[in-house]
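When the chains are written out, they are named A, B and C in that same order, and each has its own residue count from 1.
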């Protein structure tokens, strides 16, 4: 093969247009639910989700997959990937002009939702098609709004949680409630605290930023460059001041939450954190965390948000994905998910409105012991700010704190 | 006819993807391909050069590769010189092959379970009373000097080098050479340092160099045992490729290109100089 | 003295493997105990569940690696002959070294676009081709040195004696090449068997080979299953090495 042939071949590949076309099935938006069930039955649904937690994986693997198989004969397949991986894969597919995606369904929240909307990677609106959507508490601002963005039916709420800080009560009697208390705590007890350089850690930074700004009011609505530039430098200054007393002298930060949990479990750290306020209970139940573990929300508050399920624009099996999402929003699946021994993820349903029988089951779920009650955490709940804050914080945390 | 077919197969599987990949990366980095491509721009290149992260990452990768290979070479040389016969028969002649069956991911996992603060060594020092708590065990993973990464790579490389050296030792009849040197009055240490070691290293220069480059571009080990900054070059590239900010993607391709150009140039020069490409 | 040192060294080399085995049988390993808190065969039983994901990954990995190693070895062996005898030998060889030195994951990042274009991304086919792109040039590198003057003169001898090329190949070259073919197959098998970065990128996490499983378990901090799957990754090549060690390593020194 002469070189010019090779070049020609490359050029063809580069500029030659779209690949195989999307499946010819009708857009489910035009179908009734019965027709969607008919079309989705027997399909294969590829879901991409964060798989960093054994209990969540077990819930999917041992409960959801067999259930959708027996109900709809759907083969649900899982692949590991967080928000940024999902965005990069879907963007790459769009760049290549693909007619269909390798991923049908994604588990996302705010910042991924925002980016997927930017690249026009989501299918919808679809949630009003789902029968179980009627139970969902869309009026709750922590559910119906995702990072200040109305969800508009483009993603279905799946769980509602609040960030909790977990500490070992044997090592710490009074956990720090404010930024000053945290500073004096780490100075007195170096090496026991750190911030994971991922979603959960960035969420804590948002709460800290709001505290520095004197409250969450300034962060309502769209991203405000002025607000960010006023307060973010103070946050970096604060962190740089105390980071010599962090884990590994603040020279590096854990990249994964699971790694941080593991170090907490072994006693290397006295703190870890979770976007799931029930996690402390289920980790202690499993014997992973020491029994002296407790969760709390510091006085400056923590982010409360929801996580969602979306369908990709180029999904090959949209109807089947809708069936899976509908099942995941069902009172039955939500009940199971909220059980602290299963996952402990807060439901997005309005329990008050549910039929009597299932409502009492919700009310009789074994309550958690090691974390404060949900009602008690709510007064300290902060709304998610615009996703741009998250993007800027994670960029600048790297620039000014990790590399700084 | 077969010949033309064979060469075509070769070009299809090696040259075509390589050329296609590099051209795509170049176009992307210049804003000419991709979802955000809005026409020709040098902005991405300028920002990468201004940022300096890539240079730190390259320097860090070079440091890790040099340290790992030096350690592995020293260990392998020492064992070949001192314990050669033990590796030719008996238990070591079997056991030494086992580490060759460890993938990088598993090497990283093992290192973490050995060297971490809650790892086996920390438990042993605690049991022996050398450390009084888990916190007092030194930082050996995710640490400043990349000790965990270097340990893992050395663990993987030293058996390979050792077997390589053993082969050369026999192939080059170093035993006889040693005898001659001895009869001429050279001491054991002198022979090892001035004759055996240089011959072993020189004969295997190409293999050592290729392993060096392999460490330079390694991914799984620094991903699991490294720090958040600086990161080794493959980890940095993939992080830039898969970040929240889509604007980072062209930068990922620029880093990949810089790395490719540097490594390929270094490789071509060294391979040309070594005898590996000469006709046998 | 030397004997004692030999056993100490052997024990040190075996230490990581014993640790992995212990962890794969452990139920809890709290600090500061040196041995696990309790024992269980539960992790291992997961392997034998019919619909178990671990068993499936193991079979998938074996299948992919056997395919990649077979195709890379056969085609690498045959084509390396043309390359070795070609006037552009040096140029070709440099090209063959490129994928090897480029770090598979960075290489994969550059060519992923084309895999998506061809509809191969996220499919086993894509992973097979991706791994072949890494393994095949390596096979060429391993095999090209085999085509030396000796083989060449043998080929010529058969030709002078009136034998056909087919005969020369079947009766002379193949028997002489058994060793190199075995080495090459084993090395290519290992490249595929150990591959993580390219597989996760081009397979978009859907083609879950054993290395992806290990990573997933490490990622969810499940050290027991991570240890078990590490053992499964280590065992097949280790068994091969045990039976065939000298052969398998003989000519890795490619020069």
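Keep in mind that, in the parts below, a residue touches a chain if its C-beta (ideal position, glycine included) is under 8 Å from a C-beta of that chain, and two chains touch if they have at least 3 such contacts.
Values in this document were obtained by computation on a predicted structure and should not be read as measured data.
> Identify the chains adjacent to both chain A and chain B in the sense defined at the top.
Common neighbours, chain A/chain B: C.
> When contacts are scored as defined above, which chain pair ends up with more C-beta pairs, A-C or B-C?
Most C-beta pairs in contact, of the two: B-C.
> Measuring between Cα centroids, which chain is at the maximum distance from chain B?
A
> Could you give the separation in Å between the centres of chain A and chain C, each centre being the mean of its C-alpha atoms?
Each chain's C-alpha centroid was found; their separation is 36 Å.
> So how far apart, in whole Å, are chain B and chain C when each is placed at the average of its C-alpha atoms?
17
> Going through chain B residue by residue, note those that touch at least 2 other chains and give them in order.
Expected reply: 7, 15, 20, 24, 33, 118, 134, 241.
> Which positions in chain C are in touch with at least two other chains?
As it turns out, chain C has residues touching two or more other chains at 31, 113-114, 223.
> Which parts of chain A, given as residue numbers and ranges, touch two or more other chains?
13, 85, 95, 262, 266-267
> Would you mind writing out the residues of chain C in touch with chain B in their complex?
Contact set of chain C toward chain B: 2, 5-7, 9-10, 13-17, 19-20, 23, 31-34, 75, 78-79, 81-83, 86, 89-90, 92-107, 109-111, 113-114, 132-133, 136-137, 140, 145, 148-149, 190, 193-194, 196-197, 201, 211, 214-215, 218, 223, 226-227, 230, 233-234, 237-238, 241-242, 245, 249-250, 252-255.
> Mind listing the chain A positions that touch chain C in their complex?
Answer in residue numbers: 13, 16, 19-20, 46, 48, 51-54, 57, 61, 77, 79-81, 85, 89, 92-93, 95-98, 102-103, 256, 258-259, 261-262, 266-267, 287.
> Can you name the residues of chain B that touch chain A in the complex?
Where chain B meets chain A, its residues are 7-8, 11-12, 15-16, 19-20, 23-24, 27, 33-35, 53, 117-118, 133-135, 139, 142-144, 227-230, 241-246, 249.
> Along chain B, where are the residues that touch chain C in the complex?
So the residues of chain B in touch with chain C come to 2-3, 6-7, 9-10, 13-15, 17-18, 20-22, 24-25, 33, 79, 83, 86, 90-106, 109-110, 113-114, 118, 120, 122-124, 126-127, 134, 155, 159-160, 163-164, 167-168, 204, 206-207, 210, 213-214, 216-220, 224, 233-234, 237-238, 241, 252-253, 256, 259-260, 263-264, 267-268, 271-272, 274-277, 279-280.
> Tell me, which parts of chain C touch chain A in their complex?
On the chain C side, the touching residues are 28, 30-31, 53, 112-114, 116-119, 121-123, 204-206, 208, 212, 216, 219-223.
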